[in-house]
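Each of the next two complexes has subunit A plus one other chain: subunit B in the first, subunit C in the second.
After this line comes the complex of A and B, so read on.
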């Protein structure tokens, strides 16, 4: 298929997703608020713990930068797909999607883009106001760094999408696919850096986060934006981790999809 | 006002509640695997909460003046209240937005029972009461680790404060869900509660400036865990339970008022 045809298809899918989201804009606002609560509370606790001193190299301003980065990056990379897929598969809503001449993953990708444009721009506005009013939360401005940060956020979003999609596909086999996603979310509380910068974890745990995919999904893009990660070596290692794990998750996603669809057909037929 | 066609058969409160409980029990017993899943889920979330706390205490000796095991007592209270929310509030009053949207509330209103009580207690997720058990056990274990034996008065005051906290949380849900009568399209109003309830994980004294203003004064949800825990570890006088009970009674009254105002709106729209 030509690039123009793809652009037309994605245009239609995203327009559709945008209109659906428009109906639920108040509900989406509540989800955004919910996403802010966790980092805001973590920031509050670390702020109190740090006091006038430093904790593991982080003073109050550094914590503020980190957790405001978490709010932004988390909103831009969050993927609800395992919940959608779980419903699609269990309620049979996957059937008409399979009948379309387009892989259902494209609809999910378009949904994600539309959702993130909406919520991400909202977050950006809030975040600009906070940065104006509160200098401590301002991220260092360096165009090259921000461009790299945008790439890292994009890679993280793609990976979280693949993880969520793959986990949702487990609904072909189990009724507890969303529970597995919750489990992943609980682990990522620590390993992805949602509750604390990875530098504050016990060193072996922090190292494990870097070896597995967790750091790539959140902490690395945030550290990049706040300037904690800089220099060619650490940047290359971070991006290499993101690319390798993204490739592995894409493979896993395709494999699980292929196996699952065979099984689904067998049940339906 | 039309006369009641069956004046003698108007069901009594306790009988209705008992019948609802029996019904729920019969239904839940069909899904016994859910008990194991619920228990595993609870243990997992307690583990993550304890690890989070351990992470904070790697870098500090106290949190807002509370020692590690004192905060664990509070975490036990948090988990107990979570159990009440998940077992009673979310499956009950939490479904109100859906009912208002789809008109299912008509069926409730046509019954000869108090609509608020019926909506609140008709559906229970009984397995989630495991959270209540686990939470109380955690608080008890933390007390042992503190090496503290509370007096009978303190334990009494703890339970009164805990029940008061549950009533306050219930009142917040009623008031919040009543918003569904105005904002029909917002189907996830309970998310607003979940966001705020996150703030109840830690003692109120652990929050700085703006956050303290939000969680402690503006929407005083953090008190629901701090007060019972403080009563149990002896940080406040046992008399505080009387105050908590008074606040709970006032909250319940206020919530009922909001509910009645909201319900009039529904009747108005339906008629």
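After this line comes the complex of A and C, so read on.
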């Protein structure tokens, strides 16, 4: 199949995703508010704790940069696929998708791109207004660093998609695949750096976050954009972690899909 | 020409967890989970020629839909071999899926919040329908299914029958040569059922498509299917023409009478089993091979204004056939 045919497919899938979004404008507004609220609350707490001093090397301005970075990167990398997959599998909505000459993962990828363009762009506008009004929230401007940051965000988005998709596929075996994703989300609140920069975690916990995939999914791209990570060694280690974990999650996703589809009961008509 | 669909010894067994009622049973299932095998399809073999319309007959849970899902590549069989349009369905990939379509009466692909035309456009891209051909194909299906007034309404505002017509349009834009239709008339009113049936026949006429359908409505079978596969508890009980099934299963025929004045129930009972007596109407059942002779005697002996010979209602025939073909429940442990 030609590149033009793939572009038409992705274009049609994303177009439909946006048109469905337009039917749920209030829900989108609520999700944007939620995307703002979590880092804003965390920032408020650390802002108060830091006061005029520093905590773990972070002053109030550094916390502001970090959490506005979290707000932006989280929206650009978040993936809801485990909830969709769980419904597709358990309610039989996977059936017609399997009968089409397009792997269901493509629909999920197109949905993710559509979601991120829509919500990420709203967040970007919010962040630009905040950065204009509040110099402390501005990220250091360095085109090379931002280009690397974009690559790190892309890798993190791909990894979070694979994690969510793979977890959703567990619905082939269990009726509680989303509960596993909730657990992952709860752990990532701490280990991915959503609630606090990893440098503030107890050293063993911070080290665990670095060894596992959590840092690669959020904290590393945020640290890169805020300038907390620089120098060839840390950058290489950060990207190597992202690439290795992404490769492992892709493998896991393919393995779970192959095993699960053989087991599939195609329930519900 | 090779058969469009060949199934040999096709089987599907599901392993299901067994759990009793109550808290103790629930806790026990955590420690010692027990399973049993449910044989949804057992060694079914059949071949379907290109252009045939074949109906699957069977009660709920008989295995009809499981067979359709295996033939369309959704389910992996536990045993046996299948070829559909020359492909093994679950390894046929995109080339196979372009040749078939699967319509599930109770699980639809239409995008709920958008007008049906958006699903059509999506399928045009997914199936890579050539740009110059798309408007022509869409216009043809819109005309045949009378969809023009529905194209700009959100799917959620359409009636069940309107949604099924749009579903068929979405499923056929890529002009598949093999159609798997699972309960295509489910829940529709009589005129909507009739419209769907006429469309299915027209599609087969135009494109020579092979069609397999399941339905609980006997009218679907009598109107559409030149051949039926009767299945119960996963086993194929009959493969052949519906008429032949009726002749094989039913050993009697019905004499439907319009009586003249003064014909009593007792006098009719001498000619056969009286099934209904509501003067001036009455229904007599007689042995199949004696139907003609009994009719002649009846007309000669009693004042009968009108007489017609008919088979029992098809639903009754099928119930009878299932009762004859029924077998004890057989589930593995």
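We adopt the following convention: the second predicted complex is superposed on the first by the 264 of 269 C-alpha atoms of A that agree within 3 Å, B and C clash if a C-alpha of one lies under 4 Å from a C-alpha of the other, contacts with A are read in each partner's own complex, and residues count from 1 in each chain.
Convention: contacts are C-beta pairs under 8 Å (C-beta built on N, C-alpha and C of every residue); 3 or more make two chains touch, one makes a residue touch a chain.
Remember, it's a predicted structure, so these values are computed and weren't measured experimentally.
Subunit B and subunit C, once both complexes are superposed via subunit A, fit side by side. In the superposed model, subunit B and subunit C sit 80 degrees apart as seen from the Cα centre of subunit A, a figure rounded to the nearest 10. Legend: residue contacts after superposition of the two complexes on their common chain; A:1 is shown touching subunit C, with no touch to subunit B.
Of the two partner chains placed by superposition, subunit B and subunit C are both touched by A:23. By the touch criterion defined above, A:147 lies against neither subunit B nor subunit C after alignment on the C-alpha atoms of chain A. Using the contact criterion defined above for the overlaid structures, shared-chain residue A:101 touches subunit C, although it does not reach subunit B.
Once chain A of one complex is fitted onto chain A of the other, the partner contacts of A:124 are absent, as it touches neither subunit B nor subunit C. In the superposition on chain A, A:93 makes contact with subunit C only, not with subunit B. When the shared chain is aligned, subunit B comes close enough to touch A:47, but subunit C does not. With chain A fitted onto itself, subunit B and subunit C come no nearer than 6 Å, counting C-alpha atoms only.
Touching of subunit A by both subunit B and subunit C, each in its own complex, is seen for residues 23-24.
Within the complex, the subunit A residues that touch subunit C are 1, 5, 8-9, 11-13, 16, 19-20, 23-24, 91-93, 95-96, 98-102, 261-262, 264-266, 268-269. Partner subunit A is touched in their complex by these residues of subunit C: 14, 65, 69, 72-76, 93-95, 97-98, 100-102, 104-109, 111, 113-114, 118, 121-128, 182-183. The touching residues of subunit A, counted against subunit B in their complex, run 23-24, 26-27, 30-31, 33-34, 36-38, 40-41, 44-49, 55-56, 176, 179, 182-183, 186, 189-190, 195-196, 200-202. On the subunit B side of its complex with subunit A, the touching residues are 37, 41, 44-45, 48, 51-52, 55-56, 58-60, 63-64, 183, 185-189, 191-192, 194-196, 198-199, 201-202, 206-208, 211.
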